[in-house]
Every structure is written in C-alpha cells, then in structure tokens.
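Structure, as structure tokens:
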Amino acid sequence: MRFSVSNTAIDVAAAKKAVTDNSCGALVVFEGWIRDHNEGQQVEQLEYEVYRPVAEKEGTKIIDEAFERFGVSNAVCIHREGLLELGEVAVIVCVSSPHRDAAFDACRYIIDQVKTRLPIWKKEHYVSGISEWVSCEHCAAAGG
Amino acid sequence: MRFSVSNTAIDVAAAKKAVTDNSCGALVVFEGWIRDHNEGQQVEQLEYEVYRPVAEKEGTKIIDEAFERFGVSNAVCIHREGLLELGEVAVIVCVSSPHRDAAFDACRYIIDQVKTRLPIWKKEHYVSGISEWVSCEHCAAAGG
Amino acid sequence: MKTKVRYFALFREQTGCESETIDWPGGSAAELFQMMAEKHSNLTTEAAALVAINDEMSGWETVLIDADEVLFFPPVAGG
Amino acid sequence: MKTKVRYFALFREQTGCESETIDWPGGSAAELFQMMAEKHSNLTTEAAALVAINDEMSGWETVLIDADEVLFFPPVAGG
C-alpha cells in the first residue's frame, strides 16, 4: 500500500522498512508533527477528519506521479486520522532512490500535494478551550 | 554534539531523538545507504577514511551555517568511518523546524556540504575483488 | 433531477447537515453550491473549496447528471 | 624551512607515504604540492584536491611559514 490512512499511531519503522532497498543509496523521510502552537494559539490536541474513499485514491495518484516524475525506486505515505496529541506523527513520507536528488524532490512533491489535494481537514483544539478548523493557507500546526 | 563521526553502527533512533521538539511541526531525515552497485560495478563493502580533527571542525561549521541560513530549530549529522556492509547507514542528517520549507532546505544543504567539504574518503570494494577510491564527482555508491 | 449532496468538516458544521438529497432542474457543481449557500445561510463560499462527484475529484464547472452524488470539501489541510 | 607533509587516502597510496618532513626554501601550498608531485611520480594533481594547514582548511595559494603542518586531501567523498 503506497498510500494509506491510519486511525492509530503511525508505525514509523514499518514505513521506513517498506522503502528499504539495497539498490538505493538515499533515503529521505518527512514527518509532520503536532506542534504546540499555531498563529499565537497554544495547541493542545489536533483532530484529523479524512474522507477515505477519495483520500486513498488521490493519495495513491500522488505517489504514482512522484514515481513517474522523479524515477524514485520506492515511496510510501501514511496519514493519520482521528484525535492526536502533541508530538504525535500526523503524516510520514518515505522515499528511497539510488541518488539523493530524486529522493529529496519526490519527498517534497508528495508532502506538498498531500497537503493541498486530499480531502483531509484538521481541527485544532487550543489550550484556551476554543477549537477551529485550520486550512492549508493558514499555515497549520502540523507538518509545517 | 551537532556533528560527529562514529566507528560503529549509527544510532538512527538517537539521532532523531536529538531533534525531537514540541515546537516543531516538521522533521526531515536524510540517510545515505551503502548500495549494491556503482557505475556498473557490484559493490560488496565500503570503507570510509575520516580525518577527524578537521572533519569534526568543518562538520560543526556546516551545521552552524544551516542554523544561520535557514533558521531551523534543531539539526544533527553523524558520519560513519571504517568498513561498512551493504545496506548500512553511512551518514544521517536530521533537521526539525516549525515549518517544512526550512527543514527540507537545511537538510539538503547539510548533506551537500558534507559530501564536498569534509576530509572523508571512500573506497569501494567490488565483488570482482578490485577496490577503488571513489570521489564525489564520480557519483559514489552511498548517499546518492 | 435528484442529487445527493454531502458536506464535510467546516461545511458540515455550517449547514448542520451531513447529507441531503435535493430535487432541482440541474446544472453545474458550482451552481448547486450557490443554491445550497442560499438555503444554508452559514455556508461560506471559499475560493479553495474542492468538489468531488461520485468519489472522484472534479471541477466546479462539471455539469451534474441524474443520481450523481456531490461532495463539497471545504479548504483541505492534510499533513 | 621545515614543513611536515601528510598524505591521505589516494595520495597516501600514490606516494606510499603517510607523512614526511621536508626542508625547502618555502612557498605556497600549491608550490609545495608541485614539488612533492615531482618527488613522488605517482602523485596526481587533482583539480578537486583540498589542502589544510595546521588542521584548518586552507587555500592553495596560502604561503607556508616555518613548522607548518600541511595536509594534502585527495578529492573527498563524504556521505
């Protein structure tokens, strides 16, 4: 499964293992973490809503595009759904390739596309008690 | 220690832990692996020679430059020395930052500089029995 | 014709509705959204909103056919 | 003046020598390398070679002073 959605903690080791390959000299990993602040608000928890039927289809398309554009050997992406605490991994992208140029470019491409194309929404719960839907344009607390 | 040289297997988990930070939303990791081929030759083992007094000083400088240029929160790099087998980690770079732009750029900067500025040399031992010093320009088997 | 409409995240909260089936003369996804925004006064028109038809990402100008299921996605924020 | 010269990796194999101390009239690091290349016929002049003086990275045009230790680094390949 190149792209998947998980409602439990992302298995970072398994994601990395899925791209381990003796013909590759370069691994690039991106992890989006739940960080403790966003636009001056202190974040306590974060909730991801995912519409799986479309997210899984589009996510797989994004990975396929990365293979085609950058010629990398292996790539996987796992995205969380549900309620996440500070420091948890919201999304992971692992890419391996014979050379590092392609691995960096493909990893960057995948996370950029995942952030803007998939039906995934996040609601930040602030220490103040308020909670708010955050959109990509407003530079959200996870994944940077 | 922001930059270090290790003559035993790189502790990938410890490197990542060193950059874990609740104020960061993005982690980018690069790992250079010993791959099984280079320029048509089948690689069996790889040997890194490091001149530590200068490598450690210059390596630390590179990390400092990355902090200054990209404003990232945390960055570490560990480079192996000695004899490595296929699939082993030759070098790891971990960078965390509130946002992903800086983390990607800094990680890329560090590995690019490490490959060209540090007194580190690698000798590839091929399945054919031949061994050869490989330089950066010739696109070596590890790290892409 | 009949069209099933589904709302997600912010849109669901704004309309207070997960899904509804409407009977209308037909038109594009954009026209349908406008109609729904008139019905649900809290529903905001967001430039970055996305639309899917029958679980496929689609364009706002796509003309709907009978029995289509239309998904209104407020601005997304994966990662 | 006296200068200690150290060779690494490929250069060490080409000269068959880890280090040597030479007595010479003085000059730049580049001039010293040329002199050593005449002495050790296998020592290749590589455009990408680097030089350090007293454990600090340096430029080839740096003029050496007495008792400097000069490190000749063949093209590097970290990572």
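So that you can tell them apart, the chains are marked A, B, C and D in the order they are listed, and the count of residues begins at 1 in each.
Throughout what follows, a contact is a pair of C-beta atoms (placed from the backbone, for glycine too) under 8 Å apart; a residue touches a chain by one contact, two chains touch by 3 or more.
Just so we're clear, the structure is a prediction, and the values are computed from it rather than from any experiment.
Peer 1: What chain is the most remote from subunit A, judged by the mean position of CA atoms in each chain?
Peer 2: D
Peer 1: With chain centres defined as C-alpha means, what is the inter-centre distance between subunit A and subunit B in Å?
Peer 2: 24
Peer 1: Using Cα averages as centroids, what's the distance between subunit B and subunit C in whole Å?
Peer 2: The mean C-alpha positions of subunit B and subunit C differ by 49 Å.
Peer 1: Averaged over CA atoms, how far is the centre of subunit C from the centre of subunit D? Could you give it in whole Å?
Peer 2: Computed from C-alpha means, the inter-chain centre distance equals 72 Å.
Peer 1: Any chance you could list the residues of subunit A touching two or more other chains?
Peer 2: 32, 111, 140, 142-143
Peer 1: Among all the chains shown, which pairs meet the touch rule set out at the top?
Peer 2: Applying the touch criterion to every chain pair yields A-B, A-C, B-D.
Peer 1: Can you tell me which positions in subunit B touch subunit D when the two form their complex?
Peer 2: Those in contact with subunit D are residues 32, 49, 51, 53-54, 57-58, 79, 90-91, 111, 114-123, 133-137, 140, 142-143.
Peer 1: Per the contact definition, I'd like the list of subunit B residues that touch subunit A in the complex.
Peer 2: 20, 22-37, 86-87, 96-104, 107-108, 111, 139-144
Peer 1: Can you name the residues of subunit C that touch subunit A in the complex?
Peer 2: 8-10, 13, 46, 48, 50, 52, 55-57, 71, 73-79
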